[in-house]
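Everything below concerns the one structure shown next.
All chains are identified by letter, namely A, B and C, in their written order; residue positions are counted from 1 within each chain.
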């Protein structure tokens, strides 16, 4: 009798990892972490049925499994493809993937208004990140961009349909977390739009979570609208004893001085709400929109922010250095540098960790 | 002397009153069901495998194999769904079958339902075929009255109900998972596969979705045996195929061919298309429905190797996409020398933009982009760089979408540029002339030099 | 108060019986067809809300579906809707000329309705009648091999129907 297989092996960009059967390629890659993890604009691990739509997480399967090592003929959506034992996946090591992903990003930006300077999502927008990584300077699109009729969704949520990439996440939130869905995807093709059809206010205890799952600036917090730029605010983790059933009461407060500008759920390194005790940490609208005094919260401390994020600017603590695996996965090839700054300057010596200095760095910090 | 093609599906199409049960039965109808109900379901699947029947909806996947993939978990219903959502431009063969010989489809459905163990089977028909749905409903009622549907059919112990469901205008519902979504009362968004319908289909149950013609072909397969069926045709193109011919031909219509005739014979013989009207010359043809590659006359009639091109799966795809096309759904569209490839390609691009469900980004954004560029070129407002841009857009859609609509939208544009690039360039270089004149036939029918 | 006649309600119940218990959402497309026929050729919000209540669905589920499929009209249309196919095979056989002729004859653009509310002109994509091009859908059936003369006759025929009480 054969023994029960507890884990299976998958190789992603030359890094091999053991994962539980049933894991998707994307989640296996997230276990490795760093830059071998495909970007995901529509998949959301806490929302059942999400994923497969945006096509940014396409990867190449160079070998299906040990049993059937044939490559898959097409690129596959890593968020919806399960790993097989012995599967070999190429993400950043595949030119085909890079080419396709550049194409997807171009498609996603084709009708996007690029109004980042006035968009509240700027600084924490996944499309912005994707654009920096894969976008091109300028557009090849010579036509008027698509526009939509404005729709008012009530006092809490601001809808900017022109920015929407139709990830469907907010519809899953409405279906799975709120008691009733009143909005959805209407029409079809390039006219498809998020709407209530009858301009109804979206009003229920958990609707605000639609804002947190939105990867772009299509759904933003009306109570924070144009109030501040996120990178000027200081995020702190806080909690309160919330009585709303289903609310975890754990949030991130976005402060300037003592003023709470915005309350969101706590996000993990993939931009998803964090889980607490195995449950997604959704927060209720009372916590999010109506509890905006620091006195109403117990503040735990500064929120950990990725060092690559603009939100980390001017915050000198709790920055996390993302894992960099380029050298490892590219068979030892270092990233190509235009010049090595360290060869001529002592500033920014990599052995000095900026995040450990509790103030702006000075020249003395780099003196050995 | 003209050799008559063997007819299996349409042999009684011209019998007066064949639409009615009594006439259909008198002409040997429902004998297939009688025979099938005496067989084991697995034996029927075996016969279909032996027949080599390939899905007639467009993809050409072996039907017997598809049937054998159907999961059979204990206590879970299984479903057979007939895809009658015929909407690929150039294709109107299923409508002909359903409108004139509805009982052939019903008979095939009963046999297939029995073979697959489906006690409730559905025919999902495109919403616009409203009157055809009525015809099918009448045929189902007649079949039921005569004991071919309902409880304990012909004393076999097999129960089967059959329902017709109309769509409401969406090409995408011809994609099998979108069809199932639509049948569940939802938007026709294709599902992400896996799981395939054979495991999780209609309402999460194992399901087989087959095209109308595929299911109808099961009747002669059971009547004559899988092996006899496989002997008709050539190679992996077994049996007969319905071809719906349209465009610039003298006799547009639906023809049943046995896949041993040449493309040239099909276009020019009086038994089929009867040539091109007004003595015009052939410029181009899309042999298998709008998504398959268009070919110029010279590559259509002979392959790049210089062989006569035949009307079957292998020969039509000879040369791959570089110099061949596909059998597809059998929608045969002929363009004469006065037709404009750019305008025709534009109408197809408009079609695919209109029919994109909008779920995944390459198709949602890419189809509209291609349509706009093609319209510019058509109107004499294009640039030479637009042609390369079109090529790059279609390349980035193809293979990167959830369902085959992305490929279907990309291929016609790719093939048009591949074979007719000079016509696109002429449009760009002659912005005024292209509004009043056509590029014409030029060299598209010239014999191609074949290296020895 | 919007409601189906007894007859139509029976028809809805019959349709629901086609599906397993609890899967009445499957009846949505056929019931929307009936509703459109019954309530003036288009689906107004109260009509869709009524369908939602009949099938125990949220209204948004009905709006999502109604706006997806091209056969449902979400705005009022004329009594006779000319839906002329303009895709490739029909274009090869002169559908552009037919569309132009109808525009000129009825003095309306595509998507518009005549001032007397009798005719609406729509262009549609492939209706699966490529061998009988050019063609249009008129109500339940197709009108095929269109010529200018045939268009004249169809307009006349529709006008006559509207005159008969």
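Everything that follows uses one rule, which is that contacts are C-beta pairs under 8 Å (C-beta built on N, C-alpha and C of every residue); 3 or more make two chains touch, one makes a residue touch a chain.
In this text the structure is predicted, and so the values were computed from the model without any measurement.
Engineer: Using CA atoms only, can you tell me which chain is the most central one in this structure?
Structural biologist: Going by the distance between chain centres and the overall C-alpha centre, it is B.
Engineer: Farthest chain from chain C, comparing Cα centres?
Structural biologist: Greatest centre separation from chain C goes to chain A.
Engineer: Which integer distance in Å separates the CA centroid of chain B from that of chain C?
Structural biologist: 25
Engineer: Which integer distance in Å separates the CA centroid of chain A from that of chain B?
Structural biologist: Chain centres of chain A and chain B, defined by C-alpha means, are spaced 42 Å apart.
Engineer: Report, in whole Å, the distance between the mean C-alpha point of chain A and the mean C-alpha point of chain C.
Structural biologist: Once rounded, the distance between the two centres reads 43 Å.
Engineer: If you look at chain A, which of its residues touch at least two other chains?
Structural biologist: 185, 187-188
Engineer: Enumerate the residues of chain C that touch no fewer than two other chains.
Structural biologist: Counting only residues that touch two or more other chains, chain C contributes 64, 68.
Engineer: Would you pick out the residues of chain B that each touch at least 2 other chains?
Structural biologist: Touching at least two other chains: 170, 187, 354-355, 357.
Engineer: Across the complex, what residues on chain C touch chain B?
Structural biologist: Against chain B, the touching part of chain C is residues 18-20, 23, 25-30, 32-33, 55, 64-65, 68-72, 86-89, 91-93, 124-133, 137, 140-142.
Engineer: Chain A touches which residues of chain B in the complex?
Structural biologist: Those in contact with chain A are residues 170, 187, 192, 353-362, 364-369, 372, 389, 395-397, 399-402.
Engineer: Within the complex, which stretch of chain C touches chain A?
Structural biologist: 45, 58-61, 63-64, 67-68
Engineer: Taking the touch rule as given, give the residues of chain A at its contact with chain C in the complex, in rising order.
Structural biologist: Residues 180-188, 196-198 of chain A touch chain C in their complex.
Engineer: For chain A, which residues count as touching chain B in their complex?
Structural biologist: Listed in rising order, the residues are 51-55, 58, 74-75, 77, 80, 99-100, 103-104, 106-108, 110-111, 140-141, 143, 165-166, 185, 187-192.
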